[in-house]
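Consider the two complexes below, in which chain A is the common component and chain B and chain C are the respective partners.
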Partner chain A sequence: MFKHITKYKTLALVKDQASLFWTLFFPIVLVTVFYLAMSGLLSSDMYQFDPIAVAVVTEDAKQEDLEAFETFLDYVGVPGTPGEDDGPLQADADPEDAYIIYTKVDPDEARALLDKNQIYACVEVGETMTMTAKNARNSSNWRNGSVLHALLERYAQVKNTMSSIGKMAMTGAIRPDPDFGDKIRQAFESDAGLQEEDRGTKQGDVLIYFFALLGYLTIFPMSTTVLSVAEIEANQSPRAARSWLAPYPKWKRFFAEILPVVVLYSILNVIIYYYLGALGVGFGSQTGYILILLLLGTLTGIFMGTAVGSLFKGTPGIKTALGIGLPLAMGFFSGMMAAEIRKMIKDSVPFLHKINPVALVTEGLYSLYNYSTLDRYFEIVIRLSIFLVIAIVLTIIGLRRSNYESL
Partner chain B sequence: MRAFKLYFKVMRSSIAAILTYLGIFVVIFNFIIQAQLPSEKEDLNIQEHKIAVFDADQSTVSKAFTAYLAEHAEIVELEDTEIAVNDALFDGDVYYVIRIPQGFGAQMLDPERNNAELNARGSIYVHLSIASAQLVESYNRTFQVYKQVFGGSIPEGQLEETLDSIRTDLQVEVSTRAFQSGDASKLGLLGLSFNYTFYIIIALLSAVIGGTLISMENQAVKRRDLVSGIPERQRTFGIFLATLLFSVVLWILLIVILYSWLGFDLLNDNRSPWLIGVSFVHMVAILAIVNFFITLLRNKGSVSFFSTVFSLALSFTSGVFVPLEFIQTPVRKLASFTPTVWAVKANETIVNMPEQAPDYFFVWQAMGIMFLMAAAFLCLTLVVRRSRQRSVA
Partner chain C sequence: MQIEVRVQDLVKRYKDLVAIDHLDLEIQKGEIYGLLGPNGSGKTTLINCILSLLRYEKGEVEIFGEPMKPDAYHLKQNIGVVSQEPAVYDELSVYENIDYFCGLYVSDKAVRKKLVEEVIEFVQLGEFRKFRPKKLSGGLLRRLNLACGIAHKPRLIFLDEPTVAVDPQSRNRILEGIRQLRDEGSTIVYTTHYMEEVEFLCDRLSIMDRGKILITGTSDEIKAISRSGETVRVETFDLEETHLKALEALPSVESLEYGQAELVLKMKPKTSGLLDILNYFEHHDIPMTKISSKQPTLNDVFLEITGKELRDDV
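Take a look at the complex of A and B:
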């Protein structure tokens, strides 16, 4: 009987061509669109630093400050000219190693440039340095503030140090020799000996969108199985009523019905994984572990659907809305639409993050990509397995005690 | 008006689904908006340095260096394991990890050297790595300057005092000011939130209107209506009017929810009506497109798939979720044939509109393009319906 139900369920799935088309078409199209939209992020150029456009106002500066700041400007930046048609400030020289592109203007002009977004910030030179900028939102240059602030701090620090040395020389604490000035200049230009790795080249962090997409697609079968419980409850569909004529245990009937769905979606997710690979999105070399995680995610999605379907006795409309909406919400919370959301959820609702299966699959894929050990991966596999067991138990609870008479 | 009434009668069965969809979307976006609400302070928001330091040297110099870092950045305590460090960098709990190797102090003091070996790892945000590296460089350079002050090496007896002088010299203040006040930057968030409503509108209209429209286009229902004497033209008009009314009600509901989150005082900003106008025109254009595709679709079972693909594809390629500059140029060009990208661009223009001499030409242009798209898709829908009517006849 198990074989019989499985066979005919498979045939029903395959012969319902409209549904089969959408089942296959949906992930392929989604992945393609996602790739086309997000592949720009795969290029690390997106995370490279571009010089910050700054307007410098020197109206209230003393002559000595002015000279010192000009030397500093020559060291960290290149001059620029406001672009035509209110375009952004353009460098007059090659800004290759520059941190800033600057233009010296009066306060009114600086405000106008800032108002028209032609510059990021306006710097007023004086006893205390002041930087004014817009509180940018949803913009790729919102971190410019940190760099500019650090640069201005550095200028103020150099000024402080020079002043301290001057005082020491005046009080006779030190006796500068003739080449003292040159030595000090060389010291100010010394290299910090900093060996940096991973500056803007961490592909794993960029790939988080694709990890979350795969996570979402593994849970997506929920939208199909949320309605499949109706097919084994005799009071919810005529097909189920007919099949109940045969004396066969409900749980066996359920698993026979669900097996073809598991196989179909597992194959589909493997196809999606290789399809993404063919598009050029590499998930690392641990294919076996990745496929195990995807299978586990698929099973979780399927049984989450059956759990929701069996526990909520609402109309098919609500179930469909939950089946579509919940995986989307989980994908959203895992960073599928914006990577920052994942962090926001992790910080403010850590429990939600820990039980979100899409987030678990996402983190599992990330750990396989980024870590040399499998400790984190196995921790995630265990958590996802617990989630799967809970979903199965909830399904069984939802399905029990509604046996019908059979012939 | 019979078709008009019938549409809402059919839709009544979907009320629970509509509320479920709406609930899920509203909860998601409420969370995001609340998390991004600007603080009332008028200062500029600058990303704070978050640094983790692993000091294997534990010398006087390395301790002074760590103390300096603690004065200029938030020092994050981390377990020294690969997973802990990677997780912290990935989650943004720390932006820069500095490893001070053994011998750091001796190398710093060495008269033959002008630096000491230091290892660092930055997060993906290269800006924050640069800012943190500036801190390190500042310390090293000031240290080297003081070495030269003492003729190339700092006398042991004066080390503590010199380290204190270095820290004092490095304690500086740069004042920051926001060009816009907290309230003004709320407008930026309003623009962003309007972008999110585009996704909700696309998803809801395609899912809900789609399902109801397909039920209305069921051959049995259609024939019954036609037999009862309603001309096809009147029926089509009734259905279009009903979908428009439903969409407008849904749109108003979303706008009210949005302003109730961010504050109705934002309505006083003269840019608010422009955002609302763009949102309305976008809703009309999306309605026309959804009507067209649903007229082609016919299969009720495929509506939920279509709705998900359509809404996500449109939103991802149009800059609703990811800033437009991250999207590749060919995709952006392709997306310019959809109304959403124009609405997103118009919102960006409105939010960043200069206070002096604002120029709304582009916003008018974007709204015009969206209207033309709506008209084009409406005509296409009418053509498809007419050809279907002929084939049925």
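Take a look at the complex of A and C:
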């Protein structure tokens, strides 16, 4: 009977042309419009990353801070010299892999360079780092500020860790491995996180929109499945009441009816992934992992819809509004409409970012594209799987009643 | 006589409203059992409680001699339900709809194909088998709804007002079909507020109001308890006052009214009213253009019992 129900549910799904249009063509049209809107940014060189010109003031720095910061500078920057006729800071060596071009100056010189716009920012080295920038909120400078802030933050983290371990070793609280210092230094020098984060900033600013778009489209099936419970619960439609009276358990019927939806949306999201690829939007080479993430996201979207549909006792109109509105809101918070929102939510409301399934898919795609290791990806997959299990359990709780108070 | 459905002391409440009030009921094998009552009397609620679709506060329901529960699938296997509202898939054709719902009961494809063809012929939808429900008229849609509920040849069929808003031709076809189902061995529970359908169809019936069964019996048995007799109408001009008084004094006449050339006489029960009136008019040589007699209806009985009409929509 499972096969029989699935067969006819598939047939009904395919023959319902209005819904099929909404299901198939809306995402494809959305992706196409998105691509056309973003293609200019993708092909332009505005996202080519140029090293950031920085003045470094070391006057008040302690020796240990200075040494640490110089090590840091060696690995992230190249020294430079102010250009002639108040021109911008010029690198003394090839800055190909550098994030910053720096010049060590006193505070007055730094201020002068800043006033003449020869540098982007001035960094004062000390126990705490101070960064001064002009027009930091200017849209063209915003990204430089973000990168520089990320670099300094990472530096501070590593330095603090080393300092704490050093203090504990001195008091005898711990006995570090003889090679521990080298290992920490090695970690600092080749800090993968630092490189990945900033590589992402350079290349992922436009792609993040597409990551969020794919994330949104995986959760989009919620708009369909939020009403599918009406086919299962006898108190929600005469058709469901007739099916309820059949000699077949409700939960089995539910899975038989939802299976074609799972297959349809999974295929659709794979098509959209390859369609974006055909349009020239690359998501990296880890196709297998990407498809697993998309499938997981699709399942989460489907069962979030059924959970809302079975637990929420609103009218079909309100349920439809929730089914359409929730994924859109999640997409918005994941940076689908404005990439800055993603950063803002991530920094200021991290909990919301962690429980937003669209954000999880977005972050998963981001990590696959930017990170060389899969640790972050698997962390996201586990989190999304937990979300999926919760959605299934909530659906089953909503569907568990065997008869009704009223029809 | 084998009992197919037994309901004992059933109580169903919607908050403060008592929808079913300590109701007892027995439906015998092979009969068409009518549940007659005005809108809101509790007919559909009773059916849904019997089918375990609705939770109830008190009482017992047995079908085929076994307690009916939501997971009593072996009982559900032999039950067919035709709801008031058509419950079909708009995206599927007539054939596909019937095959789908039949398939929820019958897994053998060959058997199912035969059953579907039989029921299509039964409801006379052969030429519409590829039509989608939206292309069907109201009457044809009701026939499709009926077909979806009975295709698996159930032993017990619940029909909840299946002829509401149906054209006379489809209605007759449905009613004839229901009789045929009974003749083929099914037990049928038929709810309606159309008393003429009940009189035409049902072997036994109960009149329901406010969640209670007021009376059960055959149509004739129920009408026999009426305290009123037949109603005789005579079209006649210029009937004198003396004749009116004489007619009113006849032993079989309960009361009369005369106006606009029509005399309406309410006769006492179990009297030969029409004959008495004819004799009087003939004996006094009073000309009349038309005379008719109407026996008391179930509605009259209902009116006597409850003080209101069965069909509140007419």
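Here is the rule we use: the second predicted complex is superposed on the first by the 243 of 407 C-alpha atoms of A that agree within 3 Å, B and C clash if a C-alpha of one lies under 4 Å from a C-alpha of the other, contacts with A are read in each partner's own complex, and residues count from 1 in each chain.
Rule of thumb we're sticking to: contacts are C-beta pairs under 8 Å (C-beta built on N, C-alpha and C of every residue); 3 or more make two chains touch, one makes a residue touch a chain.
Owing to the predicted nature of the structure, the values given are computational and were not obtained by experimental measurement.
In the superposed model, A:Pro249 makes contact with chain C only, not with chain B. In the superposition on chain A, contact of A:Gly145 is made with chain B only, not with chain C. Once chain A of one complex is fitted onto chain A of the other, the partner contacts of A:Leu11 are limited to chain C, with no touch recorded for chain B. After overlaying the two complexes on the shared chain, residue contacts for A:Leu374 are found with neither chain B nor chain C. Residue contacts after overlaying the shared chain place A:Pro238 against chain C, while chain B stays out of touching range. Judged by the touch definition given at the top, the superposed model places A:Ile341 against chain B, while chain C stays out of reach.
When the two complexes are overlaid on their common chain A, residue A:Phe332 makes contact with chain B while staying clear of chain C. Ranking chain B and chain C by residues of chain A touched puts B first. Only residues 18-19, 21-23, 25-26, 29-30, 33-34, 36-41, 46-49, 86, 99, 111-112, 114-117, 122, 128-140, 142-147, 149-154, 156-161, 164-165, 168, 174, 177, 180, 183-184, 186-200, 202, 204-206, 208, 223, 314-315, 317-318, 320-326, 328-329, 332-333, 337-338, 341, 343-346, 348, 366-367, 370-373, 375-376 of chain A touch chain B when the two sit together in their complex.
On chain B, the positions that touch chain A within their shared complex are 13-14, 16-18, 20-21, 24-25, 27-28, 31-32, 35-36, 38, 44-49, 72, 82-83, 86, 89-92, 107, 114-142, 144-151, 165, 168-180, 185, 188-189, 191-192, 207, 211, 299, 301-302, 304-309, 312-313, 315-317, 321-323, 325-328, 330-331, 352, 354-356.
Partner chain C is touched in their complex by these residues of chain A: 1, 4-5, 8, 11-13, 15-16, 234, 237-239, 241-249, 402-407.
If you check the complex, the residues on chain C that touch chain A are 14, 48, 51-55, 70-71, 73-74, 76-77, 79, 81, 83-92, 96, 99-101, 103-105, 107, 148-149.
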